[in-house]
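Two complexes are shown next, each including subunit A; its partner changes from subunit B in the first to subunit C in the second.
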Partner chain A sequence: MSPSVGVFLETSGGKPRPALAGALAAARAGGAPVTGLAYESEAEPCAALLGAHGGGRLLLLPDETPAGEWGAGRIAAFLAAAVKAEGLDWLTGLATPLGREVLPRAAALLDAPLVTDACAFDPGAGTVRQALYGGRVLADLAISARPAVVGIRPNSIPPAPAAGPVDRAAFGSAVVPDARIRLLRVDRQDRSGGPELTEARVVISGGRPMATAENFGILSECAAVLGAAVGASRAAVDAGIAPHEMQVGLTGKTVNPDLYIACGISGSVQHFAGMKTSKVIVAINNDSHAPIWAKCDYGIVADLFAAVPALTAALKSAAAGGGRT
Partner chain B sequence: MKILVLVKQVPDSAAAIKLAGPASIDRSVKPVLNPYDEIAVEEALRIRERSGGEVVLVTLGPPAADGALRAGLAMGADRGVLVTCDLAFPDPRFVGRALAAAIADEGSAGLVLAGLRSIDADGSQIPYRVAATLGWPAVNGITKLELSPGVATVTREADGGDLEILSLPLPCVLGANRGLNQPRYPKLPDLMGAKKKPVRVVDPASLAGVGQPVALAVKGLELPPPRRAARVLEGELGAAAVELVRLLREEAKVL
Partner chain C sequence: MSGRARVVVVGGGIVGCSIAYHLAREGCSDVILLEQGSLTGGSTWHAAGLVGQLRSSRNITRMLRDSVELYARLEAETGQPTGWKASGGLRLASTPERMLENRRAATMARSFGLEMHLLSPQEALKYFPLMSLDGVVGASILPSDGEADPAQLTMAMAKGARNAGVRIMEKTRARGVVLSGRRVTAVETAGGPIECETLVNAAGMWGRAFGLMAGVNVPLIPVQHQYLVSGPMPGAPRGYATMRDPDNLVYYKAEGGGMLMGGYEHGPIPWNTDGPPADFESTLLEPNLEQFEPIMRGALLRTPAIEPAGVARFINGPESFTTDGNCIMGPAPELDNYYVCAGFNAFGIAAGGGAGKMLAEWILAGRPELDLWAIDIRRFGRYHRDDAYLVPRTSELYGKHYGMSWPHEEHDSAREVRTSPLYATLQARRAVFGQKFGWERPNWFAPPGVEPRDENSFGKPNWFDAVAAEHRAIRERVALIDMTSFSKFEVRGPGAFALLQRLAANDLDRPVGSLTYTQLCNERGGVECDLTIGRLASDRFYVVSGTAFATHDLDWIRRHAPADGSVILEDVTDTRSAINVCGPRSRDLLGKLTGADLSSAGFPFGTCREIEVAGLAVRALRVTYVGELGWELHVPVAGALALYEALVKAGGPLGVADAGYRALESCRLEKGYRYWSAELTPDYTPFEAGLGFCVRLDKGEFIGREALVRAKAGGPKRRLCTFTMEGYVPLFGGETILADGRVLGVLTAGGYGHTLGKAIAMGYVPSAESARTAFEIECFGESFRAVKGDDVLYDPRRARILA
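Moving on, here comes the complex of A and B:
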């Protein structure tokens, strides 16, 4: 019998994360019945996503987060309760910042095995591929216990669109978040509306030579043309010119885009730990001896303050000149 | 207050990792204290400096993991506990149970601190597993911590960069993220002094509810393929940028 797979349909701004298409492809690769797990208020876009990627059951959690309750704690409690109530063999989701919070929490509640950041997943065979040591080794694990939890690295599994019926159901069992954790307040940070760093298809990052926070504006301008997220190296974060949430690398975020553009980044092992699986890496650096030249695909040896605006201009003119849309 | 800090020894982040067999790693790589754990140790030391108490480091690993304890002891922690486990890839469920049992065995902990994640296995799961086993609440990835009697108030970075301010009762498990503090560097006399600090070695089988170590089923390991040499675009910058965009579109097909 095929194993049953639950997929946490993470949303942002009311829309499912685009990288979920890959997670759904992995979930139903062996013909497994898929159960999408989502909030009731987001049923429409989640049903649309599920219906376009094989279909399945859509289990909906009522949106009744009482004041002072922590949303991530509620999601984790829902995921764990759904796995138990539905007898799911696997729980999957994305290794995004939210996924990295709620999936381990759910795994602990279930005392279930967990791979937090998988780059391949076969629920039928019970195998998961995981990067270890900052991507310096790839490990293939066999997981025999059920249920088991797997976070999938965004963009690591190609989507497999296929129309399928969606059967909606309200989740009727109790969801009991840890009431000892209280949300006192949320300090909203005013961020650009670009894609989330961990699932962006294009990332442009700046290093210490960016010199000031304001100078990151040249990366934002290029990112706007590319539909990219803006990242930073640890050196830039340590220098106080970029916030930690933008940090790509071993002690920051792991990104997996089609295109990674490193501007003024020397290319330390620790930085590569967070972006080495990028399909194509471009370096813009005026130091022709920097380690990044041994590890990138394309590059321009030039001062980034001249090269980045030149790239932005070239991208704009290519977009205006027809070409591929 | 007695503060327990979970620490882990990890391979140096800059070292090349070699395989010693189809499912084993060459373990001769220089080990270091997991950088997120340094932040946890630093936070514990600052609490002790403000309000007194004791800072006890707890690790699980082979005898060589004593090095992680010594690194934290050199920073200023009082003593260490080494739960022995010789497996290269212990099952995190076992690790969580064993560390929780070691914490219970220590007794009277007011707070457990850990790192957000380890830079080797990168699961971000042990703080939650330890907390679930102990029946304590946990919040991972904190960038600010304030303690008042019986309550921890923490800040963590949520999805999209928003900051969530949460409160939870003590005892609890908190995972430290970058930004919480800047860990101190031990000086030479601290490194020497750390060698004399007490470390208690504990067999996990002697801890209640733990049992024998359980390994992950690693079917194979491989090194990622090296990247081909870079194509460097030269000449006038505007033309180089146009050529780069063309290559990204037509050759790499990523635009």
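Moving on, here comes the complex of A and C:
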């Protein structure tokens, strides 16, 4: 019998996370219909996502509190109850900050094994590939217990879009959240509309040569055209010209985009620890000794203050259907 | 590619880059630095970046101050940011004992010329507002301490080195060392050999394995070390002091909008003790949360704000640690042109700048500017090679990183590595042992009713009365001290006399059977070794030195020995035991067991003879380190136990007693006998040390003579003085010497003289101040009156020795 897989459809700002497409592709590969797990108020966008990625059953928990504010304990309780009630073999979701809170709790409630940072998942074979040592070692794990919980690293599994029917069902069983923890308030930081750094498919980062916080504006303009998130090096953050939330590297965030554009970043080992899994790395730097030249796929030896606006202009022109530049 | 350079540095972490930078700065830019991966990719890149300066040694502190001085100017000099901030170093005391330790540290900082202040808990809060004051007794602040971005800092030094002409080769692994006799001639790389005149092993965690390629022992092992970066903390100030709360095992520094927090747990996890895989580059280990739990508990107590902030990053990065918490620097004794600079015990960022400077000087001048014995690679011996010693002792020291630094503290792991033939017998007689250079040595003997173990304390120790009784036995009757651990060498061959005569400041041109107490000086006149040399034959000498100095002293002699085979050097330490029979009744005791003439006419002080004692062939040296009549009986190990038992049996009616090293220390302080590594170091001449009587400038040429001629003519700049203080004062060395509130120096030793009934201390002060008699000695932040006494406080006319 094909293994049944439940996917926690995590949302952000009322929309399911785009990286869920990869998780759904892996879940579907097992051969059985996928069970999406979501809240009723977010049924529409979640159904749309599921329908565009093979379809399946969408199990919805009635809302009692405003959408997006349930707290990790309540979500975990729902997921665990759903796995039990539906007899699911696998529970999976994204290894995002929320996923890292929710999935271990659900695993504990289910007394189930947990693997996070999975970069491949084959429910049919019962195997999970886990990235260890910052991605230098890939461990293939055979998981024998069921149910089992898997957190998938965003952007690590390619999506496989395919239309399919969605069968909605209300989850009737009572969910008893952990009464010891109550979410009081959610403060959201303004992300100025761009994608979140850790999930963006394109990241453009600036280093110390950006010189001022205002100069990061040229990166933002470029990012707006590319649909990119803006990052920064530790040196830029230390210099006070970028906030720590933007820091990419060992003591900052880890990003995993298709394209990483490093502007005025020397490319220290510290910085690479946060972006080395980027699929294509482009460097713009005028220091020909910078270590980044040994590690990038494409390099532009140029002053970033000339190169970045030129790139933005060219991209705008291309987007507007303009000729080649 | 093949090539050559005057110096090849292996390792592109902060230490290797600093060495290359400083070599170039000192004018030697013909340097190639080899890095197997990317610069910083070993352990530098994941270092937390705290830069503290105060260590218990004045010269190591000076080295760390050099780091700070460099970091403060490096960005301006190279144009490369370093992240350096003099944010200050706050150290909390969460127990009363820790506050005493802080007081002691403040005293020490003062004597080293470093500004440091003691704080109330409320004052401490100003430097680190994010903490809870729960349980805080007090704190200290070192305002010039700070923090840096280790990766950027290293890149800045690399840039400075490169600008000066150093060639830095990344992705180039040193995979072999080519030797010719005792010299390195080249380093093997995939691209071919690189010839060099001097090789530097700055390979960090790989340093031990890389050393062994050339037969060089670099006793360090990688140990997992973890820290975390918190999520943002609302209201956190942008910058604040680095903070250490050793009682809660934790350290902190500002990081992003939150904090970086790590610590040192007991029972750490050594990892790949023979070196990480070659491709373990820019790599971390998986977090081990269970292992981090004791540190997290400490952090939750001290900084509750970390809980809601959460964990943004958790980092497990291995780093090199050593068996005594100090780094490993200097010329490898196994080879003639091989230097080591590795094993930084997680203070590589703090030390890197200064260590590179010191090592560059060491290479270019043949010696460091300052005595660096505490970190000298020659403090280790052969027994330090194996995991059986390295792993347990290094793990214990890691766990004690934030432990109290107790005076006279001994360690529990890796004991009984080297034992005297008398070990079990002395243990049965309630000896409490201490370990030195791997040897178990009796420190004191517990009388009936006293538990035979040290109790750590800053006050009067639990062994005080027992040591007093042993001291009285030495002074009033006769005592036996097991000195088997003493370093013993034989130097023989047609060139032996010429070699030793060229090294020694005293004259060795004396008859067979004479014993000479002498210093071996360097070209600056500083004391490199402090030896007793017995002339066994015209071309054969028996050299005796302190337990811990076997590797060092033999290395000093070997480096000056001719290579033509005319001198043979042999370490015979393990072949002979030594039992010191000392005290006014020692002649009576020995007389019962030997027919040899023991009278001062037949066996004068300062001579040695082969005699029979209790039927055993014994080399007897009439010499003393306690200031009484006595002999050291150097006996082949096979006969040691029989000799000891015969002495005990014959000595019964004379009231013979066992004595240990603590009684020896009390006696030597009363006699003003100097100890190498404390009173005698390469920083001081024999004249400054009051040993002018051992220097024979008229004997002909010897190493250091020119400097000593100048030193004698100019008069000593500093003078070693002996001080006494009324009653018991907790002195352990390192305390400050003052006069009229001015800092004049620091104690080299301190203790209690049981015959004098006073505390005794020694230390150097400027000559101009040495005429006065009234001084103050600051100890735990309190000032005590001290009187400068004669150099020799007990029996200055030596009547008891010459009896």
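We adopt the following convention: the second predicted complex is superposed on the first by the 292 of 325 C-alpha atoms of A that agree within 3 Å, B and C clash if a C-alpha of one lies under 4 Å from a C-alpha of the other, contacts with A are read in each partner's own complex, and residues count from 1 in each chain.
Criterion: contacts are C-beta pairs under 8 Å (C-beta built on N, C-alpha and C of every residue); 3 or more make two chains touch, one makes a residue touch a chain.
Model, not experiment: these values are computed from the prediction.
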Which superposed partner A:Ala302 touches (first subunit B, second subunit C, both, neither): first
Partner chain(s) touched by A:Ala235 [first = subunit B, second = subunit C, both, neither]: second
Subunit B versus subunit C as contact partner of A:Ala313, first or second or both or neither: first
Touching partner for A:His289 - first (subunit B), second (subunit C), both, neither: second
Partner chain(s) touched by A:Asp258 [first = subunit B, second = subunit C, both, neither]: first
Residues of subunit A touched, compared between subunit B and subunit C (which is higher): B
Subunit B versus subunit C as contact partner of A:Ser268, first or second or both or neither: both
Touching partner for A:Arg208 - first (subunit B), second (subunit C), both, neither: second
Partner chain(s) touched by A:Leu250 [first = subunit B, second = subunit C, both, neither]: both
Subunit A positions touched by subunit B in one structure and by subunit C in the second: 132-134, 136, 237, 243-245, 247, 250-252, 268-270, 273, 276, 294
Of all residues in subunit A, those that touch subunit B in their complex: 12, 70, 72, 96-98, 100-101, 104-105, 107-109, 111-117, 127, 131-144, 178, 180-189, 191, 196, 202, 226, 237, 243-245, 247, 250-252, 254, 258-259, 268-270, 273, 276-277, 279-283, 293-302, 306-307, 310-311, 313-315, 317-318, 323-324
Complex interface listing, subunit B residues touching subunit A: 11, 13-14, 16-17, 19, 25, 35-36, 89, 91-93, 96, 119-125, 128-129, 131-132, 137-141, 143, 153, 155, 157-169, 172, 177-179, 216-224, 227-234, 237-238, 240-242, 244-249, 252, 254-255
Touching residues on subunit A, where the partner in the complex is subunit C: 132-134, 136, 208, 234-235, 237-240, 243-245, 247, 250-253, 266, 268-273, 276, 289, 291, 294
Footprint of subunit A on subunit C - complex, ascending: 38-41, 45-46, 81, 83, 149-152, 155, 159, 162, 170-171, 229, 232, 238, 255-258, 260, 282-286, 312-313, 315
